């Protein structure tokens, strides 16, 4: 993808730094006549919003979205007009003093050194452009993408592994996700996971996690071989999320241990004349094109790099220093990553829907 | 990415079907004055070529590449001119009769049904456009990309897991890869793996595998946050390879089990004033930008879907049928995937190099 | 170009409607460490600003630009950071009531019917997205592009024909442009042109014009054949400006009457070893690539379509109606088009500079 | 546009040099199930083919096109499959010796110097990549675009001005174009124009010309404001043709002399409920979107720069030299430009059709 733009026909361009006056997003290529108000977007932002529980950063942001363009009410309620939709979220709780000590030192595991090496300058305040705060723009754009996809396409994600603790595949319940502060895809694991994550948090440490994604209602035919394959676009979109280090489609890495007999999903014929697949190792994508099965993926998040333990690093002046990253951080960045994973899936799929319609009609 | 084009400034556009007269590739945006002849490309194609051992398809293809444009000898040997480089490989061993019986039935695990559902037509001969034969074009283009990167950037890949058999991280030896017919990243495992894969092959079955990638010599600063992150582009490029179902950067899914202390790579200062990282969990990429460490990734390949066992499926006429996929197939498609993984990494990095140079100078 | 984005490496994405809360622009791909403040942008906006004389719309807009991202002061003054620069201009004088009567009728010569036919909805207030108000975003982005180009590249434009009145080529003086309210490229014509345009204005009519462009300091080599030719990109950028109906490079349409002897610019050698061209019929571009000569173009603007005369048209209800377009309009839209032509030239050239650097180094 | 690719959804990527083994084109994004054989393409190439009359270059090229991919016959005749269509035309009459003397000297008016300055190398044989021979690829791709547009969209062009000789607007007759060797849009002018052009040819000189374009059957709604405006895309596509120096839409430069009353096309209602425009100053495009009127444009071609008169120039060694460009040249390059103008219009419109369908459905 190009710079800060993601998508080909349904395109988002995001801007803004963690501690600047605002962040935002231009959603371009949206079809016209889609009913849209700020109330369609805000609930998704509220899910990702900081300060919601003791398991996420205590930064207080209202994360109120404003629609600045692209929507018009011609008497039948506000609808998209087919022109760019500009979304803006003001930053209100930028305590830049929190970050003063990291202006010169490069925080291990963060983008600090890489940005400085590339650009020769970086907005160090709260991580600047590399802050996960940018993902609020993705979530806002994702809400628009969901409207483009319609209710028939259902996108759900949840935490299925927290550090060493995994939810067995057969116990995954996406309905549980937004009913617990851990975004866990199972109500049962919540008490134990809360205790575990409290320990991590109190130790000033952090932990990684895995988020699973399942999208139902995607018809057969979306995706454009060979380099715009649906799975390749999903991989691109999901890997672009802060802290993500791995993406699997369907059986993913487990497919490496499967035989051809166990891996290839057999087909029978359904009553509606569409195929019924007897399994879903493929994750709903074959040859880069959707098959009509649920699209499934798993995304690995690394642990938050901001921890209280003293760490060895270097600074801009070429000195070796030891650094402790104070501030307001998530003990597990993957939790608030759940709505972001959903949003990126929505954006990829809305784009795929329009691209498919373009070529096939 | 767009349709059949990959890359932004260093761009490849591939074309061709498994059983058409030829396949090929247009490499556009290549810098001028890069020495280039067919002899620079052919050795990489020979590595990927079918028919090289009993572990790969017995299709006999010379895979001779021709350069049709973009190279000119002005007296000092052939060099690129900055104009499009057209590469063509003729198909010479298309036994279409082998595939006659699959013209109507959809092979489980293949793109057959998805293509038919999308396009309403498909070239079924040998998988047509969805055949892994297309990857020859990638390998040819990758050879050009390597020339753009220069000798300082070293790209190596190898099989590190074959079905259930894994090479321990500390035993991985990329120097061994092209000295054994399994492209295994360890000479030691070869006898056992050969025996194992012979068993798979003789059973008419297939098995998945994992390919590891390591690129050294990438300077700090390549990659363009946020949606052209180097790791997102790698994920897109690698996931677009036939049969790939998962991509990890650095620690990948293992990062989900790491604490912040164990994951974030600490830094000390080297004699050259550049940082020395004390570990490489990041896989050489932070915030989407290279750090100067080796860029590392792992890629999961599913098993070949063409197997001799009878499988349940449906056909274009809406009938349930049982199908046995005869033909000449790889028992483990990941083996010949090794040069393809290297090629896609080369293409992503050559593009990143040019994009970095554009913005930074 | 794609939707509302122009440029490949130096890219602008604009958003906003004439009577929405604001308009704006995201400038992406800007090199880092370019000194930039709002004071670098505001003067160019002031040149284009409405309300400046009796010859332009009397809408009162301060057109104050705000930089919302992408600039950081690390102690040595604000510089670009290489991340997206979000620019916003609030709309303050949207008298929507002025436009109430055109909510249903399609104004002849305007985009009203075409937008309605395409989208099934349009923001009719002041022309909505199709209003020339959007060009303020281009001018703001153009100011950033000028900084990327540096002082060595000098971009100047001016009105050289107002209706039937032309400035002879040899009398064109770009230094005069911003010293007269007509943006005329000659001080001498101003009194006569003022009298002429006063007549047009008082009659409630409007008139077309031609704007000439000259860019000096472009080195040889910019532009990327074949489809990213510098002249093709200029044509795309200039033709995208509201009301533009024609673009010429160099001799332009006059070249159709020239012989090969008169058209091809001969070369002698300058003291600096660079060619000295004996004429500039080519307009500084050969084969789509700059030659080092001044890049010259001419742009035809149609007359403002909003006039006081009663005109025949139809409305959304399928009725034939007669319409008089009241409101606050420019009698010659080309006047304020002068800074817009300069801005688009700056954007095209900044993009060409980065693209050239990418491929050639 | 990017490098050697034109179009967004319907995309062409061309390659090849004048004196290389072949030239060609990859057409990507074509909808599936479009009947297509080489016989659909060849007639258009034959129109552009060199050697057809004494008014065009005497180079003898069969210009036989081969389809190498993307078309499949599943029993009902060959149709597109939605995958890339690779088209190749072999070069058969490359007399490189003709061009030996220009290997070092830069021909005035040609791309020679600009390419050398940009790339540091150029294929000088027959102009290499900058040769108008490349336009054969455009014509081949245009033939595919026409099939995508269908018979309802009729694209016609013709020469309307040859040097100083113009066909009055009211006498333009596109039906005459392919019945005379001058591609003149009027049978009446042919004898006089032949005599005139014979004079030019015998003098070893050349002359410019203007080609008019008219496309009927484009429905209202195509084009994507703001930077993918239909007129901006046409301007980009037409200006990218070799030797083109100017592009007008509708009234074009004449609009600069029109009043608002004379320029804005009034509307009445037709029997079919669609508007009937009372004039077509707009050239069928308002606000960048088609209105349903014929899309009209005019394109200015400069004279061929290869002439027999001795001209002053410089060479690669930094010497001033005098050069006479021998070889086989067109006395008026615009003649064979007629099918190229049509082809680029077809490509722009096919792309616009798909983009419109993507967003609007």
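The letters A, B, C and D name the chains in turn, as written, and every chain counts its residues from 1.
The working rule: a contact is a pair of C-beta atoms (placed from the backbone, for glycine too) under 8 Å apart; a residue touches a chain by one contact, two chains touch by 3 or more.
None of these values were measured; they are calculated from a predicted model.
Enquirer: Rounded to the nearest 5 degrees, what angle rotates subunit B onto subunit C on CA?
Expert: 180
Enquirer: Do subunit A and subunit D face each other with the same patch, meaning over half of the contact numbers show up on both, or with different patches?
Expert: Mostly same residues: over half of the interface numbers shared.
Enquirer: Count the C-beta pairs in contact for C-D and for A-C, then report the pair with the higher count.
Expert: Higher C-beta contact count between the two pairs: C-D.
Enquirer: Centre to centre, by mean C-alpha position, how many angstrom separate subunit A and subunit D?
Expert: Result: the chain centres lie 45 Å from each other.
Enquirer: In whole angstrom, how far does the Cα centroid of subunit C sit from the Cα centroid of subunit D?
Expert: That gives a centre separation of 26 Å.
Enquirer: Please compute the C-alpha centroid of subunit A, do the same for subunit C, then give the distance between them in whole Å.
Expert: 38
Enquirer: Note the residues in subunit D that touch 2 or more other chains, in rising order.
Expert: Only 2-5, 8, 14, 29, 32, 82-83, 118-119, 129, 225, 360 qualify.
Enquirer: Could you pull out which subunit B residues touch subunit C in their complex?
Expert: 9, 29-32, 82-83, 225, 354-355, 357-361
Enquirer: Enumerate the contact residues on subunit A facing subunit B in the complex.
Expert: Against subunit B, the touching part of subunit A is residues 1-6, 8, 14, 106-111, 113-115, 117-119, 129-130, 134, 161, 163-164, 200, 205-210, 220-229, 231-240, 245-253, 255-261, 263-269, 273, 275, 278, 281-283, 285-292, 298, 300-307, 309, 311-314, 318-320, 334, 356, 360.
Enquirer: Considering the complex alone, what residue numbers of subunit C touch subunit A?
Expert: Where subunit C meets subunit A, its residues are 2-5, 8, 11, 13-17, 20-24, 26, 28-29, 32-33, 66, 68-70, 72, 74, 79, 81-86, 118-123, 128-129.
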